[in-house]
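Contents: one structure, followed by commentary.
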Amino acid sequence: MRFDEAYSGKVFIMSNPSYEEAKAVIYGMPMDWTVSFRPGSRFGPNRIREASLGLEEYSPYMDKHLEEVNYFDAGDIPLPFGNAARSLDMVEEYVDKLLADGKFPIGLGGEHLLSWPIFKAMNKKYEDIAIIHIDAHADLREEYEGEVLSHSTPIRKACGLIGAENVYSFGIRSGMREEFQFAKESGMHMSKFEVAEPLKKILPTLAGRNVYVTIDIDVLDPSCAPGTGTAEAGGITSKELLDAIGAIADSGINIIGADLVEVAPAYDPTEQTQITASKMIREIILGWV
Amino acid sequence: MRFDEAYSGKVFIMSNPSYEEAKAVIYGMPMDWTVSFRPGSRFGPNRIREASLGLEEYSPYMDKHLEEVNYFDAGDIPLPFGNAARSLDMVEEYVDKLLADGKFPIGLGGEHLLSWPIFKAMNKKYEDIAIIHIDAHADLREEYEGEVLSHSTPIRKACGLIGAENVYSFGIRSGMREEFQFAKESGMHMSKFEVAEPLKKILPTLAGRNVYVTIDIDVLDPSCAPGTGTAEAGGITSKELLDAIGAIADSGINIIGADLVEVAPAYDPTEQTQITASKMIREIILGWV
Amino acid sequence: MRFDEAYSGKVFIMSNPSYEEAKAVIYGMPMDWTVSFRPGSRFGPNRIREASLGLEEYSPYMDKHLEEVNYFDAGDIPLPFGNAARSLDMVEEYVDKLLADGKFPIGLGGEHLLSWPIFKAMNKKYEDIAIIHIDAHADLREEYEGEVLSHSTPIRKACGLIGAENVYSFGIRSGMREEFQFAKESGMHMSKFEVAEPLKKILPTLAGRNVYVTIDIDVLDPSCAPGTGTAEAGGITSKELLDAIGAIADSGINIIGADLVEVAPAYDPTEQTQITASKMIREIILGWV
Amino acid sequence: MRFDEAYSGKVFIMSNPSYEEAKAVIYGMPMDWTVSFRPGSRFGPNRIREASLGLEEYSPYMDKHLEEVNYFDAGDIPLPFGNAARSLDMVEEYVDKLLADGKFPIGLGGEHLLSWPIFKAMNKKYEDIAIIHIDAHADLREEYEGEVLSHSTPIRKACGLIGAENVYSFGIRSGMREEFQFAKESGMHMSKFEVAEPLKKILPTLAGRNVYVTIDIDVLDPSCAPGTGTAEAGGITSKELLDAIGAIADSGINIIGADLVEVAPAYDPTEQTQITASKMIREIILGWV
Amino acid sequence: MRFDEAYSGKVFIMSNPSYEEAKAVIYGMPMDWTVSFRPGSRFGPNRIREASLGLEEYSPYMDKHLEEVNYFDAGDIPLPFGNAARSLDMVEEYVDKLLADGKFPIGLGGEHLLSWPIFKAMNKKYEDIAIIHIDAHADLREEYEGEVLSHSTPIRKACGLIGAENVYSFGIRSGMREEFQFAKESGMHMSKFEVAEPLKKILPTLAGRNVYVTIDIDVLDPSCAPGTGTAEAGGITSKELLDAIGAIADSGINIIGADLVEVAPAYDPTEQTQITASKMIREIILGWV
Amino acid sequence: MRFDEAYSGKVFIMSNPSYEEAKAVIYGMPMDWTVSFRPGSRFGPNRIREASLGLEEYSPYMDKHLEEVNYFDAGDIPLPFGNAARSLDMVEEYVDKLLADGKFPIGLGGEHLLSWPIFKAMNKKYEDIAIIHIDAHADLREEYEGEVLSHSTPIRKACGLIGAENVYSFGIRSGMREEFQFAKESGMHMSKFEVAEPLKKILPTLAGRNVYVTIDIDVLDPSCAPGTGTAEAGGITSKELLDAIGAIADSGINIIGADLVEVAPAYDPTEQTQITASKMIREIILGWV
């Protein structure tokens, strides 16, 4: 027992001790500064780690064990409270470094705007990028109440960055009329309401490309994920999300990174949201890295 | 900014300021005096309004925006505590007035007995009425523990008022043996357990009639609506309820009013029950008015 | 009103006053000593009884009323805190007595290890036993952290006792790799992820045998049963569990006893877990006794 | 182990098995029909019993052990839902019987109106009665919204029954102006805000009389008892209430019965309200019987 | 019953219908954009109003009834999400108007930074201003993480505006070393830990001046007000805060306005924080207007 | 930003990076295997660390800043689930090492039995030891239900180890009669109910000795610390506990180590228990190291 490493319960289960040797890196982004309705996702990353203690290390979905993947939980990026612009810069710089070191980044949110600097870092590193976006909300606004750095905008920004035709949204059931119009006219893909079935149809078309996946936990029905800022009735089950994650793994496409955002533990005294999120992270580690 | 109208968060989002010009009127009925198991629905209407703050104003289900419907949230009827008989009279008188003024009434409960005076007002105003009843419970009792004014009786009373053959119940999964026998023998329609599929079969037969719809939030599975007095396992998902509301909208039948009852916020610290209820009300406004 | 019997709310609804005349006996097992992640199921039995107050006595699933079955709620076995070995002995002795008296035992847990002494008692009394096991977890470990008396082991022990080929597990979605390997190689039946459909296929093969059924409430998705020690995302709905219970009742096979375990009320402020569990117990009484 | 008595956790700890031999009888009154703000005290009695499991049987305050007092927990009176008049009659009849059998009655509420029939039974049995009333609310209304059977009226009724000069209220910090005027003019005693100090001054004057004590848990500050219908800031600590109970025990006056009312568990997920209430009941058993 | 005024439960109890005739105006400020630890006070104002339904209209502390004061609840100022600078401007403009109309402003927060624009409006209108500040936190920072618009700064700003010698802080038990040094050196008054006793000594020195009072609910111990962003152990009881409010009323000094801030309902499922806050507002209305 | 150290939120605030240079070491003991009533303190240490994020680094009580003390948060000792004997051995060995390295140990529980191996390690290292024990419970049992390794026994064991006359208990309000008799007859010191005042009288007598302090969070009233296994009404306020910690610091006696145990977060959705505990740890670091 070394005195500098006994952080049981503070890292995702089975995290390896060495950043250098790790293939994938889990990192937390404790920011919710731009959340309009129910803030609190800044506490998401640590509760996901805590909940991982209750997980089995083996997945019967993937028939694979966490010891088969070398990953390192790097903790949270110390984002400066209330300063969205600086926080986003720090995340971008952080992911730049991860990619320079050849790591597969797995981000834990925090709010969805945090995916924006990750997209930028990914786009600098990789060519021919596509983004799979699984969410209840379109997140296609240009601004929210005059603010361009809003949790309602990251997918619109992604469309500008990599071309709308390279963005694939699934499960969308909420947004402004303008967002749905943009989805229709911009050339992006948007599957409303459903995730697993339309995704399985799209996956073959992504073969050979570099694909980043961003999952907003609120794609789940509020019954499955009440602990989130903007719960939206009519969502998918955690069974369907597991099915989607499995389908991506089975498709053989080249996944280059992923994030899971918007877990806000304060609204869920049952803790099921972080329990479910931690299982999704296990499946992502086992299936996508 | 006028000082007499800044009631943000106290009315359903996008409520218009004028009763006179409104086509539909939302009104709350804060009564739970006859609830036997877990009281608290008296606080339902205000929490539904509060939760509406988190909604988008546009619905991708209906492809319609709340600004396209002129409705007015009239607040709660000040029902006298503990006095069921007087409360019901007040609701009937209130809805009489709404109908006299040509409004489409949208009632927020409160307990299900409150639908009874609404049925009476509706029946005075309209001919050839049919009632669609979406609920976990049959509510077909003649009395409960000797009391005829009980939340277990409104649909039985409706059968007496407009004829059992004009009452259509969906999703029923709880009741006394006598209630299910009455359903079988009386000529009413009852679909057990399911809502959307049987409803879609019935809707064409209601063409040309005046149809009132009453929804008890407990038709949802407790996982989707734990904040209710008598949660009953084995219910439908909020996805199926959204589907049912959409099917009614698409059917083109003439809806003359609606209510959503039995939201009891104290039993749901996740707040998902009122979040879900407020979305259902948005869809009702957009699809049925 | 007799002063020695007015225990309203302390026994399962409609419990009869006489042990001697009862056909079935409900008993609680308030033990969670070996639970690793979130303890608390020791409080399960009493909260299930309390929640039964909100149930209808008639089931539209079974078309049957609780007054048609003579059962007695015997309360909880006073298990000695922290002493797993002695507790298991007491449960075995208790069920021995129930079986000697010709009763149909219905156990309320408490942790899943409690099924182990029941299996032993059953096996002493009945020949040609089969066990139906409905659960999220395989529970096929030989030991947990060196301890053979663990809540992860009862089904493995059952395989040793009655032969793996007589054990049928459904809904399993969590376990160690070794457990799934054992399931494959031992000759037992294991249906992963699903319950009702595979069960319906197996039931005819069990005709003529003596079948005991053990249900872990965590087979349900956390959205339906957050109040349990080891919630596991991706589970079945309470509708599917009701369907499974009904299928067993309809199959006409000879059920000799049942238990429902792992309800841990502290993690579910909505109380839906015990509300749902109490409905399952009602269906078991009506369909299996 | 007898099969008809193993009700661990369903009666107050250390309850004796025989009504006949018991000196004191604990009984529950699960009624909250007339509660205006936050109903739910109908579930109070059973949760107090459940919480008693966590108590030590010995009190260092009284230097006495529960085995030194022979008491019997008779369970709840099965009060008919929603029927206040009939419920009150049943309670009166019940307490009449307890008194006829020479028992010391200890009632668990339920709402405060339930003390009214107890007062009547007490007054029939005993001469020269005085009532000690410990509460946040004056409960001196003649009626509430036109209803004479209200939880705001029992102390006014008591004044009419035994004479206002025989009623002693402590801790009162809420009521209508008329109630405080009545308190001043009627000749009753009312100590506002404080309990232990004024009580200690009054106790010597009650020597030789037959004194009944009714405690509303909301006399405690909401910080100490959030699980109650009408929490009122500015209350006493549980330390002060323990001090008051001890002072009554030490005073040597003749206590003839007691009740503790208004525990409403649904509003207190920490469970501290029932934990505290169960300790008060232990002290009452040890100090007053 | 008029259809445009039946907002029961949406305004503070006994609010009068006319802004023009009202002497005092209650207004909500739903902003928590700069909160660093646990956001959520944006929902405070409405929950305080909702909780006021459980209050008596008469105060035995003040011996006064709410009908004796003419006040109007104007609802919430519709502050633009995430834009602190604009929100503060709107509050200042709003209070300017209230003061121009001769009203006594009673603000409901929302975060404490909202007091800053109120101070500015007050200072424009009144001469010889003093501020009484009751809080757990010094709020004397010049900036927080580089941001001058922070909820940690309003009292420092007040010192700059009206002179530190005119600022009186009570109950302070948390802050940076620099804040306590500033308190010592600047000439302001700061009473650490206690409120009522030191306040009573200061009050006579404020005779003849125009005094504004700002109360942060977190001056209460977390046991009395868990529903706040930055709960700080070691606080005062609600009894002491009532005593302080009463002392100000009794002192006869000229109070020109008040606010109560930092109620964050999401962290308090018992609802006692808003229940307590609503009582404080009642006392402020009765004692200070 | 180094990738191997960004554990924000996972260590107590202001923890230094080097074990070697640290004067004090914080370590967690996530064990609750022997808890009889409400388990869950295994999650205490991490939630205390998480809550420390909301603390100021400066204490106005001590007039001292955390940067003035060099301490290292070593994380949790990975105790083997369910194995009390082995867990206690590991804690003893761990503290032996800390003491050999000259560190001041600050333990976070976990259940109170964990203090026992710490006592043993302390006694091996230091001569003339005294123990200050602040708790609601006497913890003087010889065994609990036949088990000598129980959370009810550590102080009795301490009496055997270092002599009862060297053990000083404060705040005790619960235990068996035998425990209070032992306290009286053994020569130990026990102050019932109160902490700060009796402690201040004892402190001068401890001058020159080596004093270890163990604090059970349940010495606080349940209103101040509902998140604990065995909440006991009638406790002290957090103000009094802060006073006691300050008095020990001011006394100048030689403190050699400390622990704070029995924080069980699951029972306190308000999170105030861990918020309060983290403040106590800050004061201990500032005042005792």
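So that you can tell them apart, the chains are marked A, B, C, D, E and F in the order they are listed, and the count of residues begins at 1 in each.
Keep in mind that, in the parts below, contacts are C-beta pairs under 8 Å (C-beta built on N, C-alpha and C of every residue); 3 or more make two chains touch, one makes a residue touch a chain.
Labels paired with UniProt names: A, B, C, D, E, F = Agmatinase.
Predicted model, so just to flag it, every value in this text is computed and none were measured.
Looking at chain E (Agmatinase) and chain F (Agmatinase), the chains that touch each of them are A, D. In this entry, chain C (Agmatinase) maps onto chain E (Agmatinase) through a rotation of 180 degrees when their C-alpha atoms are superposed, rounded to the nearest 5.
When chain centres are set by their Cα atoms, the one at the greatest distance from chain E (Agmatinase) is C. As a whole-number value, the distance joining the C-alpha centres of chain C (Agmatinase) and chain F (Agmatinase) reads 40 Å. Centroid to centroid, with C-alpha atoms defining each point, chain B (Agmatinase) and chain C (Agmatinase) lie 38 Å apart. Within chain A (Agmatinase), the positions touching two or more other chains are listed as 38, 221, 223-224, 267, 269-270. Chain-to-chain contact here is organised irregularly, matching neither a line nor a ring nor a star, and falling short of all pairs touching. Taken together, the chains touch in the following pairs: A-B, A-C, A-E, A-F, B-C, B-D, B-E, C-D, C-F, D-E, D-F, E-F.
By the touch criterion given at the top, residues 53-54, 56-58, 60-61, 63, 65, 221, 223-224, 237-239, 242, 269-272, 275-276, 279-280 of chain E (Agmatinase) touch chain D (Agmatinase) in their complex. Across the interface of their complex, chain C (Agmatinase) is touched by residues 32-34, 36, 38-40, 80-83, 144-147, 150, 266-267, 269 of chain F (Agmatinase).
Looking at the complex, you find that chain D (Agmatinase) touches chain C (Agmatinase) at residues 1, 3-11, 19, 25, 28, 30, 43, 45-46, 50, 72, 74-78, 94, 97, 269. On chain A (Agmatinase), the positions that touch chain B (Agmatinase) within their shared complex are 37-38, 172-177, 180, 192-193, 221-224, 226-227, 230-235, 267-270.
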